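Chain lettering (A, B and C) follows the sequence in which the chains are written, and residue indices restart at 1 in each chain.
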């Protein structure tokens, strides 16, 4: 059974990586049509990236939104994960269920429901409305990551610190926080990545300043702009892989630090 | 002894601390998720004529949704596409999860999981667009097959239709199906399988009588986590679906942003969610009965 | 530690301490005094409330009613971090992100000492628990026994008035556990601090303690020295929990010359000394007697004795090498009783089904309600 499964697994990985593998091919291809055969190597599309002010504005806007969303979602995630792992209280299942709901809810539902409320309240759309939506969808991921970080903590650790003279808060700061810090960093990075990439909510809730995916969406309609999009995509993929590798590194270090077995995976 | 620990949970201050911590995220979800979802339901019973909103409660939108064939067609198609994507994703994901859980050495498992999740975290828009490049008339797939002499002219049934939507979405949701199944398989006590073999079951029968039932919770989670969000996908049908591959999310977007008919869009959103919810509940009920019958 | 006059004085006073969660009582009417410098154990099966009591002393639980006094001060409202107690947790709770030295020195953070002094104290504490030179090691790389020593050093460095130990040996293997038992005892004598040990292992409690409180269902069933607990358990429950005890149905009567006579099934009549009677005893309350396996012996062929003799049949036996445990059913008794015999040179091991003569003494009978 092992050999056919292994072949299948490798084919499956090829399927998963097929689109990403094509990105750099066309990003460095000296031709405006995205099709084979390739024409030759060029840096032209990357050079053009530097000359589009609208793109720079979108990148800046997206970075602001992603940083804020990641920070806020992680704060909410810390609170919820700590409550869920450390305390029992009536209605916990329902409360946590609602908070985790965006994990399975289609993003368009989240987007339109927020949109109608914001418009009814007469609020104008902007970066902050996108942040509101992104925090909502990033929080469940943050909780999932932090839950496992908090769960692997021995409850006696904080009690031991209190027993040795620390207060509730200082024992949290000296013991719990350093131990879940890898989880927090990995939550920040994952939330940042999700927000940076999110399209639908941003599409509905962004005001006059588009985020990067919304800007990209606009560009996809113009065939002559596609090579530049490929170049941009290449940069984004490389950035994502770097961020994820860092996140994975911190997650593993967290596991090693508390001396537990590494079972792998973000979720 | 953790006698104190388990009982301590019922202490009043523990409850209070739990509520205190969870209050902020809960309030956030309440205000920005529960209230807006309620608002959507509310909206679906209102009507809008260009910019004026009529707040008298009416079933007009729902009547229209059922009488206008386009809406019905989109809803049914969305449901079928979601179903097909779920089936394809879960069926192709299971062997991967099984392989990683049972045949990959423990120290390399997290490496595999990492490899599987990376594509998921890279720009969704660009990934979908690249499927268009792969599946197109002059796309990678066709040119490769032509070059190898397997086909004489480019295949056209793979882009701008439902097939393309299913392939692209199955790609997009792969990790969502693999991870829950992997986690469920990891939890299986390996001695159970040995016990199954020891009790005279063949390899195949052990798989069907021990492994599969124990992995079912993961499969159920995978089905739900793929099926429910897929129905609301907007980008994929729009980019690779062509006119016959559009789904309900595209219509919801049109109603909200182009036709300025938020109540109609809301009604369609509610209908889509109700359908997904109903199918999910039926599915859960069936699997629960199946699992209990084991 | 005895004070200058050699008089023991209580360091901890528990006055009718109760703890309930809703209508569930975890602790009921706990009243006890724990003396300065003694090795005190809380012994009982899981769920008996011993850990809750320890945590109440530590300040992690507030008693629902009653009073905990430590060194003459009422502890009501005094949080765990300012109580003069330190704890060794069951899981040891070694901070995994700190080194051994940082763990041991953790409690010194708020002490008004120079860095040099703190470092010296850490070195001393590590030396005391036999971990000299381990300071720079990462905590998560330690073995079970080493973690325990770190936990001990960390708790003792603050020179608490009372050291609390929550099942500290339960995670160790048998050999390591036996070694640590002796070492804990030695350490306690060396530092002279009151130790309170929570354990479910009766042997461990007997070996280590000056005094033991046996707890069942949130109450102290008996509080005494190991010898008294073993020889004179106040109830069948205590007798059964500590060591092995055989029980026989019995009746007590006061004879004409005020001697107390017990008639026990299978053994017959015996006269009981007044010192063998529980406080407030009256003849009607005695329903059974208990007798320990090692206080009886089997008479082999040709042996004679001036002790009392009962007869029975060997139902089963278990050979332990140094000892043989016989299950002997005395004539007229339904349940077999356990008798332990040293395997001395030349002493045979009886087969199942053999007739056996059992020698016993009235002195070793314990009367139960």
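Throughout what follows, a contact is a pair of C-beta atoms (placed from the backbone, for glycine too) under 8 Å apart; a residue touches a chain by one contact, two chains touch by 3 or more.
Keep in mind it's a predicted model, so treat the numbers as computed, not measured.
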Compute the centre of every chain as the mean of its C-alpha atoms, then state which one is farthest from the centre of subunit A. C
Contact tally winner between A-C and A-B is A-B
How many angstrom lie between the CA centroids of subunit B and subunit C, rounded to a whole number? 58
Rounded to the nearest Å, the gap between Cα centres of subunit A and subunit C is 55
In whole angstrom, how far does the Cα centroid of subunit A sit from the Cα centroid of subunit B? 18
Which residue numbers or ranges of subunit B touch two or more of the other chains? 10
For subunit C, write out the residues touching at least two other chains, lowest number first. 60, 90
Spell out the part of subunit A that touches subunit C in their complex, as residue ranges. 154, 156-157, 159-167, 175, 178-179, 257-259
Could you pull out which subunit B residues touch subunit A in their complex? 5, 9-10, 14-15, 17-19, 21-22, 24-26, 28-30, 32-37, 39-40, 43, 92, 95-96, 98-100, 103, 107, 109-119, 121-127, 129-131, 133-134, 136, 138-140, 143-144, 171, 174, 179, 182-183, 186, 203, 224-225, 228-235, 239, 249, 252-253, 256-257, 262, 265-266, 269, 272-273
Show which residues of subunit A lie in contact with subunit B when the two form their complex. 1-2, 5-6, 8-9, 12-13, 15-20, 22-23, 26, 33-37, 76-77, 79-80, 82-84, 86-90, 92, 95-96, 98-99, 101-110, 112-117, 119-120, 132-133, 135-136, 139, 143, 155, 190, 193, 197, 199-200, 203-204, 213, 216-217, 220, 229-230, 233, 236-237, 240-241, 244, 248, 252, 262-267
Subunit A-touching residues of subunit C, taken from the complex the two chains share: 58, 60, 79-82, 85-87, 89-91, 93, 95-97, 106-107, 109-110, 140-141, 154-155, 158
